[in-house]
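Labels A, B, C and D are assigned to the chains in the order they are written; within every chain, residues are numbered from 1.
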Amino acid sequence: MSVMRLGYVHVRESDLAKAVDYYTNVLGLQEVACQDGKHYFKCWDEYDHHSLVVENGGLGLVKMGYKVATQDELARVEKGAEQFGLSVSRVSAGENLGIGQAVRCTLPSEHVLELYAEAEQSGTQVGVLNPDPWPSDRSAAGIGPDRLDHLLLTAEDVQTNVDFFTQVLGFRMSERIIPGPTNEELLGAFLFCSNKAHDIAFVKGPNGKLHHFAFWLDSWNDILRAGDILGRNNVKIDFGPARHGITRGTTIYFLGPNGNRNEVFSGGYMTYADFPCITWTADQIGKAIFYIHREVNERFNTHVT
Amino acid sequence: MSVMRLGYVHVRESDLAKAVDYYTNVLGLQEVACQDGKHYFKCWDEYDHHSLVVENGGLGLVKMGYKVATQDELARVEKGAEQFGLSVSRVSAGENLGIGQAVRCTLPSEHVLELYAEAEQSGTQVGVLNPDPWPSDRSAAGIGPDRLDHLLLTAEDVQTNVDFFTQVLGFRMSERIIPGPTNEELLGAFLFCSNKAHDIAFVKGPNGKLHHFAFWLDSWNDILRAGDILGRNNVKIDFGPARHGITRGTTIYFLGPNGNRNEVFSGGYMTYADFPCITWTADQIGKAIFYIHREVNERFNTHVT
Amino acid sequence: MSVMRLGYVHVRESDLAKAVDYYTNVLGLQEVACQDGKHYFKCWDEYDHHSLVVENGGLGLVKMGYKVATQDELARVEKGAEQFGLSVSRVSAGENLGIGQAVRCTLPSEHVLELYAEAEQSGTQVGVLNPDPWPSDRSAAGIGPDRLDHLLLTAEDVQTNVDFFTQVLGFRMSERIIPGPTNEELLGAFLFCSNKAHDIAFVKGPNGKLHHFAFWLDSWNDILRAGDILGRNNVKIDFGPARHGITRGTTIYFLGPNGNRNEVFSGGYMTYADFPCITWTADQIGKAIFYIHREVNERFNTHVT
Amino acid sequence: MSVMRLGYVHVRESDLAKAVDYYTNVLGLQEVACQDGKHYFKCWDEYDHHSLVVENGGLGLVKMGYKVATQDELARVEKGAEQFGLSVSRVSAGENLGIGQAVRCTLPSEHVLELYAEAEQSGTQVGVLNPDPWPSDRSAAGIGPDRLDHLLLTAEDVQTNVDFFTQVLGFRMSERIIPGPTNEELLGAFLFCSNKAHDIAFVKGPNGKLHHFAFWLDSWNDILRAGDILGRNNVKIDFGPARHGITRGTTIYFLGPNGNRNEVFSGGYMTYADFPCITWTADQIGKAIFYIHREVNERFNTHVT
């Protein structure tokens, strides 16, 4: 598969100062740069320049970046995206701070996706020579997730987005939600380009909207610790701690100070090219989303930014 | 302190067969006896004859038993209860299956409390000679908690119940909920007779009612596993997985098939005779009950049996 | 990358009955077939026919199988292996029970490697329609790992093995052990074909030998539970519970009844095509292998089968 | 029972500066006072003035303090100790910084024990009004245990020490190690005054020596984190992470910079006055000490300070 991972999420925040404080002191990300009104953050176990960009004004997703392994693959997906019929453009190196040239396209769901093969590797604090397993100040402020993990977007037409990701970008579908045995319309699709249970997901909803973006934690114990930190900081909990039926992961969903939804996520099975897609029928949607609780709160279903 | 622990809870279940199946196969308790329509259960790490009795008809608490260390202490609390003004009677050995003679009294809150000093020690499956840390079939069916832990009852007059437990039974108060600095009426009181954060608790509400009784698990990981088993068995979740502000414990609340509420509980600090009582003011009640979420669902506040 | 994962390990056991009992009742694997003196096992979260074969006689590795995604890739690696100079042969479908046709080659280190693109998918007990996160009898007997994870072999010439895996099979090196800055001879190499920290590893030692093969557990808590089960069954512990510096994983090493070494492994970071190889110098070998203990027991260094 | 808990341990350290650095930055204790060459430390969840005193010169235990609930009980144990035949003296309030008047006695094993009923309550950082479950800087430096837990001392005559603790101080024996069914000489005795599995323990060995003193952690995950911190700081590991058969606790033993042995400990069952003493026979001593490994390293058996 040609795409490696979700490299960055770029979001709008209606109160930028509050957002910067939140990503720094509650989520415990490292601010690596601030330029032209944009704040750049990364997690402690990420090698590239940044994984989160926040800018002032409104809410929701400006764009997201997925990193591919080589320039050849970048050229290949560029061509594929054009053939698929998307609006595609090249972005010069450095137009995205710390990121090489990119291919920008607008998904059928109106979200902006950038693909790129190169980024400045600023490395991590533990380094690559006889490294410690984690930096000594990992927990000094905030949750301190290892890395950005995935995002979930809404799309009026889930199937066409899935077609693009699978046919052009080489993603595969690990799980899907359908009305039932006699109606296989995609209500939700969970796609992977790695060995994770998902690298991106789409559920039926308004085009162009962000449901959440998620950070990885190493264990269910770290989920509890994250919850404590969210509680201490009076962050609005959307749902969790909980277990997903889909992905089997463990989770807390919460709303940042301006309303963008984040998730801390841990666990889940491994996928491979021969992974048999798991199907959830709509009558089991509760168990699919929150396996223990088996029902989904209204806000989770309707709040997007 | 003269009282050792909550020895047994005796509850009514409107559908006894469903309840027996639930305590056996979901909670994973061991049924140790069935006699005269009563089913007796124990947890794997309990030495005494049983810790749970269920009988047919209705819902809620028939009575609860706390075990004291010696017959002398039993006589002392009997006298103390009479002096406190409670209705007190002696229960013959064996009237409670497997339990020695008891002192029965009716609390100011109309709950029936039995105190006893002796019980048949049927022991545990790992024994007391070169024991394994847990029985090999602990997880064969259901959650498999280590032991019964505590219960929470509602009382119109929390203070008088607390007076009885502290003055006569030697309990101490670890935490309390009050309206605020200028009104110290007890809305909730958490009492310990051991080194645990609580062995019984009372919150303001109708007399004679049961809010929940709780089983102990060893870790937050066991809480997740319990949640998975509850989900698999379609048990109604009331709230959790969550962190308590009060006690610092971790928890899931859930409703048995007939509506009695149970909890799986793990963690919490240690208490001693010199423990300084922690105070929660009503404006922080959300954080007190569910620290991460900071709000309490309506059912948790109102559903009692 | 064309190779998906370690699909099966095939080992010799000097006392087959003891080994079958051990893999069944201690490791908690499912025996899926027994034919021509070979016993076939799989883990609960594996979809293919089997992941472990044991046969009578001696100790050590008969062969290992890595699964590739397509027949085209199988043909490509066949050609690559021949060009690399290995002895290569085709194995008919079904010659390996439940496995499609394979390409068999003998590594520079004299280990036998099979690559294959197809296997009978017998599925898992939770299925792919509204599945539970784990089967209800997962813990009924033994450790019950999710899946086979990786193996570690010894090679007189680590570099040439690494050349084959990276140049022909598309693996990448996540970590390496070298004498020091002025001597970069490979004493150990950790290679991945997935997003895991390693899918195979080689350390300097006698050709053709097996150091260990490892099973995946979901958490450090599962590592403790595995340890308890090993203790209960008097399985010889080699080392652990411990933390690896290399991979950051957590681990217990132990010796099966005949002396083949197994590992239960959990955790570790994620790798991608752009992962910067981590270097350990020989003076830090203790920390590399067992980060907490920072020294390696003699048996771990010398016992291979 | 009249004794509440181990209140403080007072040890000698041959290099005081190294010891202070170790207790501060590796164990993550809070230094609360330094006076007359003595450094005073406490854990984050302890209310009293201090729980550890270190002073210059040599190694091993100067003395230990157990806190009783009232002055009456202090008088009672004073009388009991005298009647038992120990050398007993009164220590003025303040002679031990922050500690009220004490009864000092020398055990049959030549260790110095102080009992006291009062200490300055300096409180904790989270306070007792609407407290957070843990202070935000708990993990800022070092391991950060919740509290001092227990110690293990060696005694030529274990039985007489046990007699004193049980007959005079009201401790009970949770577990014992004996040669076997026909010889019940106490080789080891684990005693509790709380609901913990042990508050003090004695094993056969030279009089006056310290085997280790232990700090409490909340979970097996915290044990791993502690191990990582020990590894990062190059602290000498004695044994673990491991599971005890005795107490069922989880553990790491390690040697401070001068050689005094510490333990981080978590878990274990609850005890009550009716707890049936568990017996380990010497042939199972490996399983008793380290259940998973079932053998004890030589240093653990012989190194005392």
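Here are some notes:
Here is the rule we go by: contacts are C-beta pairs under 8 Å (C-beta built on N, C-alpha and C of every residue); 3 or more make two chains touch, one makes a residue touch a chain.
Since we're looking at a predicted model, the values are computed, not measured.
Same-residue interface: chain C and chain D share over half of the residue numbers found at their contact. The most distant chain from chain C is B, comparing centres defined as mean Cα coordinates. With centres taken as mean Cα positions, chain D sits 31 Å from chain B. Per-chain Cα centroids separate chain A from chain B by 43 Å. For this pair, chain B with chain C, the centres built from the Cα atoms lie 47 Å apart.
Residue positions of chain D with contacts to 2 or more other chains are 132-134, 219-221, 228, 231, 243, 287, 291.
Against chain B, the residues of chain D that register as touching in their complex are 4-5, 45, 47, 67, 69, 121, 123, 128-134, 146-147, 194-196, 218-220, 243, 245, 248, 267, 269-270, 272-281, 284, 287-288, 291. Remark: chain C residues 132-134, 136, 139-140, 219, 221, 228, 231-232 touch chain B in the complex. Only residues 220-221, 224, 227-228, 230-231, 234, 237, 241-243, 250, 252, 287, 291-294 of chain D touch chain C when the two sit together in their complex.
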